[in-house]
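Each chain carries a letter (A, B, C, D and E) given by its place in the written order, and its residues are counted from 1.
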């Protein structure tokens, strides 16, 4: 019986999730949305998570990073080891620095996941300024680099666009 | 050549649906979104015609236009021999029972304040003179037919899962014994395991009631499963129409090829080896389509002529229609003799 | 969106259904892009999806979730070639394919997905399972190691001898 | 009990007032600082000739003054003249066709120019200008001309002998305005002279410094006022708007204002406010009588338009004097007063309840007598022959349509009276009509009080000044509203009695005051006590309030409440 | 955007003309007579003369164009004349009130300051109080604070000003004697003492009115915040590791403010409409009181002009609200 999904070789995993348990408090009881989920992730590996809606795959990932609103969500147990720290035990402030800094998150619907009232550039620059302490000019340059990296042509001009004027493909990359 | 025994139930000729764009101080019409721009095809009685394409290509608009949910800009639509393209909405009303629609989002298309029974009965109230008891019996039959428990007749839509809600939508469409149903992305909002249930249901009903479907979807594998023939739309036009097997085995139009190659292959060994055609760029705006061939801006096999002359939509092999210059120049003799 | 996630050179990128709402052609572009970026930046990626086709083309390993639990875990080739959990098997047969033989009729997983409630004391898939045994209703199966870095939470599927 | 307190309060005020006079003469003008007056109806203009509203006329009385006024007893007092002209002192011509006023010497306008007889003549011309829309034109009825005899003497000529020549220039509705200021404002231009209409030059104790229409008026002591010791207050703030309750509160409870006008409030509300001990309510009675008018003609809608409610068709049952008397007997006036007016009302049987010299002593109606009313109807042959509970005679049933204007107190009254009348065997249907329609006088509307398309109606009316002659004269035959007269006319009952008409003529030819009093009482009795054409209910008085620190207030219902504001002063603690 | 604004302005011209006509005809057909409040003792023929002197003798199809001309041509000319010392108006007849016989615009100009001070201030105060209440209520949904906010809103919605106003007066003016119960419109603020007096007399009416604004706006704010807090982009912002304050005050608030700003803008015309009841209670004789007195007195020119001005304001602020929406929300494009 394994402890959970193990990496192919014996190298230390980047992320190691053990027995994660998340419960939603609802009127008249609790919903066990994530139940003793364990897996790990090796450096450079691409792990697929398959399941239908309601199977708990999104909730699992949100639990890792404390993105679920609490209440009603309550991450009950388990450990999430990332770079030697247990993400479930560190302070919210420390966890905040992990989010967007060392762990990135891409969501489903690019249209609703981007804030419609801020420019794309502003939204890319926000974490740069928050986590890497870049000034406005450097952040802008880096944002441009990133857009080029993800293959958006005319990155410099795109920075000042709002998400709505972005085609779906560009918004998601 | 089409099989002579196959009788077209729906004939669409040069259908156009343009939405005007107004601008300027006096709101003069300055252009139009050419959502559907000259579409021609038949739907043969008893078949399922799949209509595929990317979002924004006009496939949904096309479906709605055929049912005359819009006042169309041009072209003709004949259903069961009756020309309805230019009919007034009032004159259409008695014909409505024969043509129905199943919508994509069962959540949004069901009135949350009506019970399931009321939702299914509503078309009966509108279009038939059945007694209350007869209507009740009919609602029960319909619920049986789509696999909904009759006990749930008094419940409201929110009490049902997505798949069940789609069944309610189907039952409503079936209430008036239609011949022709436009299914507009009926499974897009459903989970994988539920999609199969709904598709099987649609197939069963087709067999049982002799229905004809126009099945609009962006899910090419599901269309391959359900459709007998498939039409591929790009930017308001049908670029290719062919029997299912032929289309999937040997797509003629470069767009169809790209589209098929982009479908993910649920077999890792095949997935590794498959060669993908990745289309570059964005779909142009239907308000301002490119000159010549609509696809010329993204076509991997583009030629000079493509950006100048619009290719003719023509039958290049028996039962296979395509609109591409490659088949005009390299086509067979009967292709050059083909009608406009 | 991806640009934002990549902004600070993360070690791990979690992508939650990043292509679900997109057309196939765009989905293909994104998948290619993600592969590129991963190769370039060397980060680990968790890719959440309900589309087995996407997974087949991109993942190294896969975990399958059902009812809030991991029901099967395997390297991608292994999973597709040799699915052990009945749910995984059903899932693979449910989806029609773009190529190959066309099934006359789609396989259906009967019933509805479970409504999650109290901590499960039984296998969450048992009501829809075609190989369920009485034990499935009494105990929630743990993940049995099937060898080759493959495990499945199913009493019926357990044991490497079954894997044949 | 409450009445007593009020009267004692009033008496005390009077006493203070008397003392105050002595005290007030000792100081110099403006010594008492600021005075705050609050009227819950806000003045919109300071020209008495362009407004019928009491609020406007009383506000104007702070600035402009008539030649003579009436005091709190209704007796005339000279104001800008040395004496009131009478036949006895030669001021009124023996043939009663003219009156000659002699201005007091040395009077100045607030701008320092002298007041002359030319101003008096101008005032008359201003109001009598046919284009001007003067609201006080009635005051100048029968005036043929106004002559300037010399700088201080002015003579008013009448077209006919006028036994009461005190219409023009007497009382708050007929103040003198300055010719120089209004010279360009006659006729159609009258409404356009905003400056003059808002800030008139006057002879009164105050002048306007700031006028905000429908809001507030600021005034200061007139530097050229005739008595150098007056007024005691340097400035006046005349605030308008809100409601009577708030005005009462500001004087009786918070003490923010010194004088509040006409507190039309439930008696217990005023009593509760007065407990604050900051101010005192005062009350006084005038000639405003709430009454029921009997329709002497048939208002039946079955009659052709043009004949309906005209003398051509006498009323089917109200033309029987005994019926009218029985209806009057069934009413408990004391209860009505208690319910509707409290201290601000008293039961009356007279159309002319005051002044004393004109008021009849009839009190015969004050006791309710339902049984007597029933007996009277039986005696007159009105019995219930068909057993439906409603008396009838000769096939005519006593179905009464009773209309009034929309007003809470009136609807209470209607309900009570309906009950009493139904007790004596009639059926009563009630109607109430919006005041602006009921009193609007639109000849096209079927709902005006003049048209009287009902059997009985209830409202209140009064007369200006102290002389009831023209008021009583409005009940002559020819004053009945008729289709030919565009339904205009004050004799809305269509009462017609030659004896009454003759007596009115006699009154109009009599100058002797005692004799006039006798005739007036006789006329009053004819139309009320004797014929029961008009059934008076309540004599409505007025309650105002002043701060305890304000001295000199003498509430006057015959003139402006502010008539003696020059004598008001601050009571020293 | 500019074209859109301009086009909307053009459309509002016929709209407003139609509104003017409707108001005029309503007043024309309404039962009411400027002479109704005159004492009954005034003989009818005198009343008739007075009526003619007011211009009521003319039929409506003469009076309506006359009013239009006075409103749109003569009155602006007078403004220009008084501002630049020109003489365009040349003594043309302005719109004159039946009651005060003075130009209605003079009276309106006189009333505007106190209305703006009291009603406007109450609006500002109400909004300033409402926004934090709404934000915190939404962020801490179902907390004690939220419940308290709901309670206050309920009071604001359900307690009418004629009750709350009188209650305040009884407590603070009658019992405690701290604040004046009657607003002094003549007070000139020119030093610290008079400023203090102004504040004191404004406190009660402003609070009474602000309570209502607070109730309304805080509910909108709360609902809008709740709407946005559940949006995907909030999750994105958190996933980017933004501070909670940044998430709420920048991402959520900015989006939530869009509909609230519209509501606030749409509420502004009501400031000019005055607060009839509150003005009446505290004797803040502003535009509301002016309108009600004009109505009571059948002062047709005043009622007509005031209602039409309100109509203009409502139309304009509707436009402003729409334009603001376009300015603040990049999703909206008017073209």
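Here is the rule we go by: a residue touches a chain if its C-beta (ideal position, glycine included) is under 8 Å from a C-beta of that chain, and two chains touch if they have at least 3 such contacts.
On a predicted model such as this, the values are computed, not experimentally measured, just so you know.
Trainee: Starting at chain A, what is the smallest number of hops through touching chains needed to reach chain C?
Mentor: 1
Trainee: Compute the shortest path length in steps from chain A to chain D over the network of touching chains.
Mentor: 2
Trainee: Quick one: most central chain, C-alpha centroids?
Mentor: E
Trainee: Determine which two chains are connected by the greatest number of contacting C-beta pairs.
Mentor: Counting C-beta pairs in contact for each chain pair, the top pair is A-C.
Trainee: What is the chain whose Cα centre is as far as it gets from that of chain D?
Mentor: The most distant chain relative to chain D turns out to be C.
Trainee: Tell me which chain's centre, taken as the mean of its C-alpha atoms, is farthest from chain E.
Mentor: With centres defined by C-alpha atoms, farthest from chain E sits C.
Trainee: How many angstrom lie between the CA centroids of chain B and chain D, rounded to a whole number?
Mentor: 86
Trainee: So how far apart, in whole Å, are chain B and chain C when each is placed at the average of its C-alpha atoms?
Mentor: 31
Trainee: Counting in whole Å, what is the centre-to-centre distance of chain C and chain E, each centre being its mean C-alpha position?
Mentor: 61
Trainee: What whole-number Å value describes the gap between the mean CA coordinates of chain D and chain E?
Mentor: 39
Trainee: Specify, in ascending order, the residues of chain C that touch 2 or more different other chains.
Mentor: Correct list: 1, 4-5, 7, 23, 26, 29, 50, 52, 54-55, 76, 91, 113.
Trainee: Counting only residues that touch at least 2 other chains, which ones in chain E make the list?
Mentor: 236, 239-240, in rising order.
Trainee: When you check chain B against every other chain, which residues touch at least two of them?
Mentor: 191-193
Trainee: What does chain E use to touch chain A in their complex?
Mentor: These residues of chain E touch chain A: 231-233, 235-244, 246, 251, 254-255, 258, 328-331.
Trainee: Where on chain E does chain D make contact in their complex?
Mentor: 31-33, 35-47, 49-54, 93, 96-97, 99-103, 106-107, 110-111, 169, 173-174, 177, 180-182, 184-186, 280-281, 283, 285, 289-290, 293, 297-298
Trainee: Touching residues of chain A toward chain E in the complex: what are they?
Mentor: It comes out as residues 62, 65, 67, 96-101, 104-105, 107-109, 112-118, 126-127, 130-131, 162, 164-165.
Trainee: If you look only at chain B, which of its residues touch chain A in the complex?
Mentor: 191-193, 282
Trainee: Which residues of chain B touch chain E in their complex?
Mentor: Listed in rising order, the residues of chain B that touch chain E are 23-27.
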